[in-house]
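Next up: the structures, one after another.
In the two complexes that follow, chain A is the common piece, with chain B as its partner first and chain C second.
Up next, the complex of A and B:
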């Protein structure tokens, strides 16, 4: 039994790390514009399917992955330019609805390009499982955890240590004041969408060898990443990571101990419970603001 | 100093002609003319809803002008985006402070210098703001949202100063502050103008205090300038006294 629990934990943390990356993408765009980008899951799907397709053209795996990330970043920038920027100044809700529409367009395009088939990517460094105190650990899990940890640290440093990151935060907490100190809000939006798309693509590529990817893989991953972000306190990068890991582990435990059919239900029930008792998320303390 | 830009050979720092601006059907600013000479201290007074804030938003590029022109040091800036206007030296201290609440005092100030690339100059100006407002130096790591109203006003001013303004636009800096604090804020405004030659356009409902430190004043009503004269003259004007100075 302890081995089994450990196994669930390992599986859960791996999946949770991917949720964390998707959640981080949500946090970035939310921080720049107060908008929840519901096309975030589609960036994940695009990253995975593009990497698989590019690998099929004979590129090496690292090159295919890199190119897939770059193309997804371009898609993110394009989305920002043609759909988000023209709506600058519109209410946040309108922009959120625009992102839902953008998600549908991206899914539709993927359906045309890749059909309804499931695709998969070979593992980065083989499939020989490692033994971890009785639980098996796929080498791919180490890739997921390592890359996620690195990206989380980079995003944190970006917001805490660089003026550019703080300018991004400034845009979300007061757009007019940000403009008055000379921050170009459009540039910040492009930056946020580009980075989020990149993070999403990385998440998709990391998980592609573990799960099957198809044109609609982004729907569930997007929802889980969004859940991770709100559990942690939306806009809080570290919160998104903790939320993602919690969500992943709970899902794995629920699937293993109760029934895999309830996996998603357990995850969303958890989100509801957190929001019921802690409406601003685990890390999102109500912002202290005096007027 | 001559206040008529045509008579003077010096180019005005800010010259507004025939400016119209508004929101939807509301014409908040109508055919407005106004100018500020380099190093000049000008007050713009008017009641609530006169269109003062819309004017400042339009000058800073936060809101588009419908007609008319805005020139900064002779250059037509009417259609410039906000960040370009800041880079040209027109910095605004917005109404209600508008500090970046979750960020630290120091981060707020550093963001004020966002468009500048002269690291050494920014460091000097940061030290200067800390000298000007020692309380900000004490609280440099504190979140801006936890400061008192007066401290937030100082922070908002410091943030604008780090943009190295040639002209500082101040929107109701006295609002909600105790008289003693208002005095201190206004003393700093005068000092900035006298010691560093920063042009000042002070927009205030508190007409008496604003006109007391200004060289020249405009009175704004219903989106238009209804009177302009040396500040001392406006302070003594019967109509102005009745309308804005409480008798």
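Up next, the complex of A and C:
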């Protein structure tokens, strides 16, 4: 039984790391624009499918991955320019519908490009499982965890140590005030969308060898990432990471100990419970309403 | 109420206009169902300012209550419908306080989570719901001896149900509760200070909109004589929100207009097959970017502006 628990934990942390990356993308965009980007999951899907397609054209894996990330970043920038900038300041529901529309466009385009088939990427460094105190660990899981940890540290350093990161944070606190002190808010907005699309693509490429990717793979991943961001307190980057890991572990435990069919219900029940007791997430600050 | 009589006249005249019967009996019935759902959701979203991304769950509760009670326990249709209403209303009432305490994206997340959980239960609890394959053989609705078993009769029933929903919505908005809700949307805090029990007002409207959805669900189950989880997934919840927003929030006829527009859109896009999703998404984005206040409200304002311009030009 302890080995089994350890196995669930290993699986959960791996999946949770991916949720964390997606949630981090949500937090970045939310910070810059107050918009929850429901197309975030589609960035993950695009990263995975693009990398698989590019690998198929004969590129080496690192090159294919890099190109896939760059193309996804361009898609993110395009989305910001075409759909978000013209609708800045629109009510929350309007922006939700716009990003849901964008998600449908990306999913529809992926359907036309790659059909409904499932695709997969070869593992980065073989499939020989490692033994970890009785639990098996795929080498790909190590890649997922390592790259996620590195990216989280980089994002953290970016916000805490660079002028650019602080400028981005300033936009999230008060856009008008940020503009008054000379921050180019539009550039910051593009930066956030580019970064977050890139994070999504990385997450997609990292899990492509573990799960099957198809045109609609982004839907559930996007929802889980959104849940991670909400559980952590939206707009709180580290909160999203903690939220993602918690969600992944709970889901794996639920699937293993209770029922795999109910695993999504268990994950969302957890999110509801968190919100019932902490209406602004685990790390979110309560906000005052201005009348 | 002028709009209501105009709409009622249109509904009555439609079958006699010589349009392809398919559009009246199939598309018309689907549109009616969507109008009931959208008008109910609009009470919550448009008037009380609370978003719900899980409304398909209440639609499902009505549908499955009718499906299970009539097929497995041989309940009469109307009694099953009433049971569905009671169940949906009770669940909404229980959920309302903890859920509606949340704001903005947290509320969106919680309602979305509720919808996903309901969908998972529909798929997994196959002993009750038939699982992913659904539940068939639902008998036609029997209204005091009058059996609704033809497309024409369904059009009549759906027309009456739609008009009832519109009439209820218009009256609720015009009542004391409706005014309280609009105050909540303006500013919850200010409404509280004016002495409005905002938690109570939000709970009431949440229950009412759940009742609208469950009512539509029961009709849907009998009309299709088959229900499956696919009719109640997240995409459907999103589509309902889209109807309200595309039509124009805080307008009963806007919501009805959005419901009709999206029903026709879905019907029209079928011919594009694989391009359907792409075009559907692009249209949503374009409408929301150009007319953030929605088609019905936006076009209405535009026409008024043009009219004012034309009138002011005259000497």
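Heads up, the rule we're going with is that the second predicted complex is superposed on the first by the 283 of 291 C-alpha atoms of A that agree within 3 Å, B and C clash if a C-alpha of one lies under 4 Å from a C-alpha of the other, contacts with A are read in each partner's own complex, and residues count from 1 in each chain.
Keep in mind that, in the parts below, a contact is a pair of C-beta atoms (placed from the backbone, for glycine too) under 8 Å apart; a residue touches a chain by one contact, two chains touch by 3 or more.
The structure displayed is predicted, hence computed values, not measured ones.
Enquirer: Does the superposition put A:166 against chain B (first), chain C (second), both, or neither?
Expert: Touch partner of A:166: chain B, not chain C.
Enquirer: Which partner does A:230 contact after superposing on A: first (chain B), second (chain C), both, neither?
Expert: The second partner, chain C, only.
Enquirer: Is A:276 in contact with chain B, with chain C, with both, or with neither (first, second, both, neither)?
Expert: second
Enquirer: Once the structures are superposed on A, label A:130 by its partner contacts, choosing first (chain B), second (chain C), both or neither.
Expert: neither
Enquirer: Looking at the overlay, does A:97 come into contact with chain B only (first), chain C only (second), both, or neither?
Expert: second
Enquirer: Could you say whether A:268 touches chain B, chain C, both of them, or neither, answering first, second, both or neither?
Expert: Only chain C; A:268 stays clear of chain B.
Enquirer: Touching A:177, do we find chain B (first), chain C (second), both, or neither?
Expert: It touches chain B, and chain C stays clear.
Enquirer: On the A-aligned overlay, A:88 touches which partner chain: chain B = first, chain C = second, or both, or neither?
Expert: neither
Enquirer: Common interface residues of chain A with chain B and chain C?
Expert: Touching chain B and chain C on chain A: residues 289, 291.
Enquirer: Inside the complex, what are the residues of chain C that reach chain A?
Expert: Residues 45, 51, 98, 101-106, 108-110, 112-114, 116-117, 120-121, 123-124, 187-190, 193, 234, 238, 241-242, 245-246, 249, 274-285, 288-289, 292.
Enquirer: Report the residues of chain A in contact with chain C in the complex, numbered from low to high.
Expert: Where chain A meets chain C, its residues are 30, 36, 83, 86-87, 90-94, 96-98, 100-109, 111-112, 219, 223, 226-227, 230, 234, 259, 261-262, 264-265, 268-269, 271-272, 275-276, 279-281, 289, 291.
Enquirer: If you look only at chain A, which of its residues touch chain B in the complex?
Expert: Listed in rising order, the residues are 163, 166-167, 169-170, 173-174, 176-184, 287-291.
Enquirer: Can you list the residues on chain B that touch chain A in the complex?
Expert: Residue list for chain B touching chain A: 57, 60-62, 81-83, 86-87, 91-92, 94, 96, 98-103, 107, 110-112, 114-115, 143, 145-149, 152, 159-160, 163.
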